[in-house]
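Here's a structure for you.
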């Protein structure tokens, strides 16, 4: 009866149901993890046990078999309503397992048996609740085109050296997705990537995250020192210093998942404020309260709509229902940039609007929302994270969308 | 590859295709009708000929058989892109024929043969391209709850006396949908409604519309003087002075159709500006142009999304695919107000955002857009109409949404 | 008792009083000139007769002796309240006479007797109500750094060839201020300027202005064909293709005067809406009306404040009270760009906010405001002009302000 | 050379200079007090020593003799730039001493020797750096019209019972300004007020403030239990449950002082971001950075302007330069509500705009601003307090301004 996000597939429904159960529990301990700035490892443990961690893993590998990006986005929304930090950490994991399934299909189609085996292994482990993936890609002074982390060729592999930041969920990670600059045999600067175990020598999680918000997200620095990555684990992902649109496009689902978490935060803030006003004498009849409530309802409706539509578009694009090989998809830079434009527009709208809704919820609730222990005060700090997240931070999204709209290649100098 | 609205049913696709053809032609004469403030009757004639006028009429009555509100909304979007005035006039007609089909189903289910005959007659005429419906409901000093037009009981029917305003499309109308206050036998003030021919004595179209914009919409005053409406034509639609939510809910599709026209206007404005910038030396590379273009792309994405989602929700609510009797639908005031809240939120968002996009398109285009003969100058005037339209003008939408959200009955004093 | 702009000097008070009288009369004929798109020459005649046209001319030359930019800005505000088109035309004249006084002081101080004589002549004529100055600087495809109009050296002077646009007030002009590109003896591209009579061969006013709004402003194209400008009339104003900050800075007062006109338009729109609401049953008590009225009051307060402060800053900068030679003023590019940043910020804020206020006034007033003959409908069209005006259109203002703030030279490639 | 607030009187200049010195020091310890949520008593001690605490005390009583509200507002701006919590606490004190001077003049004029003696005593103590005033007016579930704290008549005075909240600066207070409901001899509910010592039995500061921001402001609850206030200390301030406009009007200066603190916070945030961008390779040339910087510059200009204009208006209203008795001032409810409208509009604009500027500064700075130890992260939390502060929280300001504008008495039911 309203604009709420809802799963559209059977496995999606199960996943969303699980998300709601988990979220209800996480909400109760969120304040504690926020206060102590510690990561709720127990929440990730719960995901492993319940099978939620294997939501996007095909059933044949032990997962729930959710093949719809849209439904994954809905599940992230429900997590976000309860507690944002676990959701942030899990989002990376979820969409990486998604990608692994796509990689598997593509490997099968192209007969790349090594890659097939690697993907199957990863999916099987995730399916068994044995493996959690985190991402350690951000770096100070770098953006999504660049990296100061260096991969140097050695016998049978590469040595990684460098320092990553905002490695959300790293305390619970079994493996880390990581990028590094390297030089190929032709002497060109390229960007490489690998997903590697944390229990190997040469990697240190710094446990130094103290954020304005999302304090329980474990977004620590991670330092790699002569960390060995084998040739099999190492992938080239494109020219260094450029937006590698096809590679980035793959992460569009993850970007929507992130946005969905922040929509969940905004929904909770709005609900808290509305419920509080309903309890107060004269609260629902005070016209200024009606105005604030109405403005947030409109903002929520638009945010939910753009998010759902964008996610369904991705499902359509990747033909998730057909389970066809990736080769059938238009992965040209041009098509990829258009896809990125759409997800960037969605993320920008949802992240900025979510922040507005939370801010307005504080106004609606009144001065009590400014007391530190009030949940709204926490959500006000948490929601501000969304606009910074890569890809695409708000200002960069504007640039990308503007350029693609006006026919300018974002990689043009 | 973007957020564009697209039909989802086969008949819908045909209707949208027709809309696009019509719109291309209408765009060429739009400036003339705007300058002269005359209604493009030829456009409505074209609708009758092409069968577009019977878009929402079931095939058995000679129509295209579009049963999806969503797809009708898409068709209106395409009309709006070409020319807004004809679209405005047609929207009323379209959703009235829609309602007629629903009324027919409900009459069949309840065994109301008189109403069944009346509905079939109307649908058959529309299906044959013989009948165009306009609406003459607005009045100065009245809102959707009230009417200064009075229906007085006489033998076998009612005499209508009063003056209507903003009767868009009236120059092409064969029948007019009109509301009037009346007193029932219990002495209660009620609201009545009828759809009546214009070729009957006692009705005069004043041909006095000279608007800021939408100058070709024929939104004239219509005066009723002792106009006779038979008992068979007359329907009670609820308590006078109240929001009759179930009745209003029926008009939700029409409200989305209106919004979709203005989205089309915004899309055209944006496209004109973007194409102009692309033609200019340095235009696409000027960062401020990129910013303006990006902001409108985001606004368009959100507007399209909320509109599509809202329309699909109505399809779901009215089970348009099942073609079931209306009895299966929750038509309680509470459910109806929630439905109205959603369409009011959608209309408010789309109408306000469309105006913003057109305004920004003028900025993007530059000073030349301020020359009166520039299409953007016309669109700037046209787009402002949207926020005034009932139900719900922007401020009233805020009030309605706020009250429903906070659990206050909008009919409460 | 509120934030209204008020003159601060005695001559300023007289000028503002005159402005109010004139404005009251102009308001009555504004609709006519708008409808016919003709320039109200009678209004300019009235200015000549009343002495208002000589407002900024020193008393010794027959003027009112207003030496305060702030007070001139206040006078323009009052004109704008009554009718915008005459005000737009007059603003150019007013600030040009202002500049003439400054030029005179500077010529006296530096012993430039030719320039002294020229300035005295102009001031004397304006003081006698014999001379009205218009500006013909805008060109299609050019901005304030460039000009397609060419000045070619001939014996004793220059031949001007080119086409100007938006020459507001040209129907009433005795002389036109005009810019042209020329090549100096060193072969460098430079920008030249002159203020020249319209009754000389080679200049044609095209009488082709048909705007979205400001239809009575006579903003016609003006074509120069081998128009002769003598060496004495011709001034170099800086490097071609660059923002010549010191030259532009001189026009800051004019930019504030323009802004003040649009503030006046917004004030009138707000007043019309508020008065209308006060007349309606229940109007003042409807909370949504209170919200709209309050938002405009806040916007008006901020607009008035930034405008007054910015104007007082200019008075301070140009030491208008001390009547000192211009030499004492910091006219470095750096200082000039900072000054430009401030007036650009003021213009941007006031022009955008004025448009918002007028738009909101239509909402407050309701659907009747959309009828073409309603004054609000005209103001809605008129107010949109402000953001286009040079210097600085809204987007260019953003660029300029951003660059100066971050220490980037706006003339840097 | 920009829109910066500047003192306009000689004593004001001295006070602002002192404010800048203090602020420079306070900035260094602000993070510590924020972390520990403790009040910086040492800062208040520094005020006592430097004479800053006696800024608004006439020279004859040992103060700096600042008689201009405008200049006090400028001084608060400078404090706000360095550290907001001390500034918040001090603002209450400053404007209370201001009021004491006005009360003194009025007492002298009316021959009220008791009140004269009380005022002189207070001013002398403040002048000697012996007395700091805090305010304990806010209460849960009450607004500026109401109070749950009760004053019960006893012999020679009143017993106060009740609990106050947000008593900013209470840890450093020597006396507390406090309001309570009481019943007069005619049985009417009235509002009473007193300024009473904290070292008297029956008052307890709860040391329980843990805010989202402004954590060092000592905004604790204060509980009064049978606290005795003598008849001499007790003042009637108007009808209970009503906006007592004349009484509230007196606090307008304080409201502007508060706003000025938050402007200072916004200025600092903007400066931090701009300086950071200037340091980064390519930072100043990135167009999106220019856009963000420009938008904040415009917002700052408007905020400074409205604040200065509003403060100067108060100086004019209260004739601070003439030092005339208050009797000459129009203290009618009507005049007072207009005055309140203006200060409410100013506060609303400045508080909301300051929050926008800080938010945009985080965007400009980038992800590093989200690290908890970054000053911007603290300012983001601090600046949100402004919109809650009474009078007038943002929503209530809208209501008040709207009603006064439309001629509705805010006290009307």
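Per-chain residue numbering starts at 1, and chain names A, B, C and D are given in the order in which the chains are listed.
In the analysis below, a contact is a pair of C-beta atoms (placed from the backbone, for glycine too) under 8 Å apart; a residue touches a chain by one contact, two chains touch by 3 or more.
Predicted model only: the values in this text are computed from it and were never measured.
K.L.:
By that same contact rule, can you tell me which chains touch chain B and chain D alike?
P.N.:
A, C
K.L.:
Just grab the chain with the largest centre-to-centre distance to chain D, centres being mean Cα coordinates.
P.N.:
B
K.L.:
Nearest whole angstrom, what separates the Cα centre of chain A from the Cα centre of chain B?
P.N.:
Their C-alpha centroids are separated by 40 Å.
K.L.:
Rounded to a whole Å, what is the gap between the Cα centroids of chain A and chain C?
P.N.:
That pair's centroid distance is 52 Å.
K.L.:
In whole angstrom, what separates the CA-based centres of chain A and chain D?
P.N.:
43
K.L.:
Hey, what residues on chain A touch two or more of the other chains?
P.N.:
In chain A, the residues touching two or more other chains are 287-292, 398-399.
K.L.:
So in the complex, the part of chain B that touches chain A is made up of which residues?
P.N.:
On the chain B side, the touching residues are 1-3, 274, 277-278, 283-285, 287, 289-295, 297-298, 301-302, 304-306, 308-310, 313, 335, 338-339, 341-342, 345-346, 348-349, 397-403, 405-408.
K.L.:
Quick check on the complex: what are the chain B residues that touch chain D?
P.N.:
Chain B residues touching chain D: 287-288, 290-291.
K.L.:
Contact residues on chain C for chain B in the complex?
P.N.:
On the chain C side, the touching residues are 138, 140, 166, 210-213, 215, 287-289, 291-292, 355, 359, 362-363, 366-374, 377, 380-381, 384-385, 387-388, 393-396, 398-399.
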